[in-house]
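Here chain A shows up in two complexes: once beside chain B, once beside chain C.
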Partner chain A sequence: MRFSLRRALIAIALLLAIAPVLTQDAFYQRIAALVVLAAISASAWNVIGGYAGQVSFGHSVYFGIGGYAALLAFTKLGLPPIAGAPLGILASFVLSAIVGLPSFRLRGHYFSMATIAIAALAELLVTNWGYVGGAIGLMGPATPRSPADLLFRSPLPYYAIFLVVLAALLILTWRMERSRMGFYLRAIGSGEPAAESLGVPVRRYKLYALFISGAFTALAGSLYAVMIGFIDPDSGFGILVSVNMVVMAALGGAGTLFGPLVGAIILVPLEETTNAMLGGGGTGAAYVAYGVIIMLIARFSPGGLAQFVPRIAARKTERAA
Partner chain B sequence: MILLQLAADGLLLGAVYALFSSGLTLIWGMMNVINFAHGDFVMLAMYVAFFAFTLLKIGPIFFVPLAAVALFCLGVLVYVALVRHVMRGPMLAQILSTFGLALFLRYAALWAFSANFVSLPDNLVGGVYQLGGIRLSASHLLAGGMALVLTLGMHLLLTRTDLGSRMLAVSEDRVAAALVGIRAERMQALAWGLGAAATGVAGGLIALFFYVSPEVGNAFTLLAFVTVCLGGFGSVPGALIAGLLIGVIESFSAYWLGPATKDVIVFALFVVLLWVRPQGLLGRA
Partner chain C sequence: MLLEARGIVKMFGSFRAVDGADLTLAENELIGLIGPNGAGKSTFFNCLAGEARPTQGTIRFRGEDVTSLSSAAHTRLGLARTFQVPVVFEGMSVRENVMVGAFLRHPARRRAEEKADEVLEFTGLAAQAEMRATALGTAGRKRLGIARALATEPILLLLDEALAGLTSVEMEGAIALVERIHARGITIVVVEHIMEVIHRLSRRVLVFNQGRVIAEGAPADVTRDPAVIEAYLGRRAQGRPKSRGESHAP
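Let's turn to the complex of A and B:
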């Protein structure tokens, strides 16, 4: 029974993974690419926000850094945008070290408040910084100068690239889950003072988690900028960028391997279709719904949808016990 | 003279910050829960004031109390329907609950009222007073003065009345309070009501001289965080001093560095504060 369920799930996953190749409709292909992209940043958030239980509302800063690094590499250095991705990841490490060390003295509510403030600060600074385009933002190449510009008319190549990155992140997370680090992070997540008293090097491991989380979020930002070809303070550093990661991870199940992906599969198509139907005003409607979803999760099912999958739920309680 | 003028403007605005921040600090002090929707409560109160004036044609004498009552009810509702159930749950649920609420309120307001800035007429509380070369507009004076009085009133309520003692007892030890016959649930609902009512009054007062839009809440939430953090979590007198201080800091940095940077200074101050002294100026470690 257990095996057949697992096989069925794998079959469904494979089917979903190749579905965009089978359809000819660019609209659905684009949505599929966006689902995977959102799943990357939500899964990256999950490492620190889910496993380690440090609820960050400031991950937009990493996303923005990645996006800006890509388009700055193009506008300032004339490089293909993707060449900025390593720079963005490097910058994310520096940021993690600067921000992580002090703010990790803070736990729970204090940490979340600090991350909101840092994100608001970053958005303000970028908006008022003319060199990086100020409030207007940055544009990518209009026409491909070489294949390295990764400028495709069809969403499919983006879908393939994003899928590779997501797979890499999920494999890394899966290995982490089973390693010493996974146990440390879950111990930190379920109670920091207790973890510390048991000898878990709390701050060091939180910092490791933040390094991984921030680097992949920055990479997601770069990939976003490569595909969309435009970034401004709002789409890079806006609070809603963080909200997307949080709501997707929390809906699917924060601290579970596939939770963020499940959340993205549910929410991205929902948001895209409301946007397509309602136009610009749709954004507001989607976020009203997100607010309600977040409240419902907090009130009735803090484990997200994963809580309703008996096997995962059982494993979680084993851990807690 | 310009310094005196800036200080006076800052103090009057700071008193209003102190008022809504004292609501946040009260809620935190009672049950260790941060209300991430606090600034959005202020935003709602501003809309209550705006619509009370434009639709019901009533002035500040009536719409400020109306906003207070409306927000009191909202606060109690939020406690009963949401916070009560999550406050002893996992940290993720505690933090997400009011964050989701903030998102919901902000975008519901955007949907219902549109993103356009609206404002009450300037001359609703008209007049400018000259005081030894300082110009003080009546609306700022009214807002600052009332906010100051009410924040002090909140402090007195908590420290000098029977009700306040009962609330403090619950914040010290819920179980012990329950053993001596204090209804902890009721006190905590009351704390949410009072905390939200403080945003109600503050929002009604701010609406006298500040534009209203669904997005203003975010900045107020952060301002409340800074104020509460500077004053020490759970301390109303701390919030008062910190609020006044932040009003002055804002006013001076807007003058010297330009209006765009005043939030930068205040948010940066918050991050630095969390870094070096998370317990605040008056708080205990």
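Let's turn to the complex of A and C:
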């Protein structure tokens, strides 16, 4: 069962690789690019939130840092926005070190609550900080000054860039999953004292996971800012940015390699089409659906679709037997 | 001396859960810690395992002061433990659970796998290796807990009520396993409140009551000790309700 599921997921991934080329419609190509972008941040979240079981609702902080780093590099230094990405990643490391050590003392819901508080604080700070644009936010270059500005009319180049980053992240995650670190993180996620009793340096490994997770989330933020050309406190640091990552990973299967990608494939088109259909007034509609999805996952399949699909399949074969 | 604990005191607020306990262990001993519920033996055990930090006293393991080291550091030094209520790693197979322990000495996946398989064979879990760990019953989980700890290649193994809650058939199997581990040259401390198990397993027992060691010696002698009879057996014969203090001690 597990094998065929895996194959199905790989098929999805391949399909994803060629999907946007199949359509000439820029609307769908844009959605495809946004799916991959969302999959990057959800997969990044998955390293600490899924594998290590430390459910962060504050990953928007990393996303916002990455986004702001990109557009600050442009507005303050006149650099191409993507040049801000390494700075964003660097800042994410600093943040992980400062925030990770004290918050990892907290377990379960208390950790989650602390991450919400940190994200809310960051959003407040940025909103009231005139130098970084305050409540108005920052704009990217309006016209490309050089190819390095990565300003394209078609969504396809973005799609390709995002796909490369996603592939890199998933390969890294796959290797981690099979290595000692993957085992340690999963052990930490299901029982810290038990993991510790087997010699696992729990806080050190959580910190490693947070470094990876935060860095890729920051990179996703930078890529978002590069493509959209605009970031403000809400689109960078808002709680919904964090919730998106959590819901996508949880829907597809937190702690599984392809879970967040599957979640993104389902949820991003849902959000984009309801936005397009209902216009600005309908922005909330997708989140109503999110709420329903969260309840359904919690009630019927806490492991997400990754657990749900094989279970249904097993039931079918049982009946057939 | 393999392990030397001197004057261990552990306070929870103003309550002295352990009140000046001593223990010395020689290489390849198998000793029992017994006592009624709430006697402080589990707390003392947690101090030895690095799970709890003693309020007073020192613990030396192979000459090294380990009193304030973390439980992970204890395991790295060769002092592993099991839990009274075994926590299995969900979403992992039985083999993968054991691999978590094996990774401590074997960072490469392949070697960790080999080590895990060897331990699974030794502990009689080889047939269940591919099973999800959560599918195991109480006896299987306790066995898995022991297997995981063994995979860290300990010198000293602390078993926290590894036999409680088992059927008599399962208990025979568990006793045989403990004896086989001991025969491998691993020193063992067993916390138990089933007297019969202690009688059969260990040559030396420490009896705890109200945070103190009230008797020490061969099981047969200790059970004749009036202080022990009063504290331990007497108490149970009176049919007092079980104290809950012990299971709550961290």
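Miscellaneous remarks
Note that in this section the second predicted complex is superposed on the first by the 296 of 321 C-alpha atoms of A that agree within 3 Å, B and C clash if a C-alpha of one lies under 4 Å from a C-alpha of the other, contacts with A are read in each partner's own complex, and residues count from 1 in each chain.
As a convention for this text, a contact is a pair of C-beta atoms (placed from the backbone, for glycine too) under 8 Å apart; a residue touches a chain by one contact, two chains touch by 3 or more.
What you see is a predicted model, and the numbers here were worked out from it, not measured in a lab.
Look at A:Tyr287: by the touch rule set out above, it reaches chain B but stays clear of chain C. Shared-chain residue A:Glu196: touches chain C; no touch with chain B. In the superposition on chain A, A:Tyr184 makes contact with chain C only, while chain B stays out of contact range. When the two complexes are superposed, the chain touching more residues of chain A, out of chain B and chain C, is B. When both complexes are aligned on chain A by C-alpha atoms, no chain A residue touches chain B in the first and chain C in the second.
The touching residues of chain C, counted against chain A in their complex, run 49, 51, 70-72, 75-76, 80-81, 83, 86-92, 96, 99-101, 103-104, 107, 109, 112, 148-149, 151-152.
The part of chain A that touches chain C in the complex is made up of residues 178-180, 183-184, 186-187, 190-191, 193-202, 255, 303. Partner chain B is touched in their complex by these residues of chain A: 53, 55, 57, 102-103, 105-106, 108-110, 112-114, 116-118, 120-121, 124-125, 128, 239, 243, 246, 250, 254, 281, 284-285, 287-288, 290-295, 297-299, 302. Those residues of chain B lying in contact with chain A across their complex are 32-34, 36, 82, 85-86, 89-97, 99-108, 110-111, 218, 221-222, 225-226, 229, 260-261, 263-264, 267-268, 270-271, 274-275, 278.
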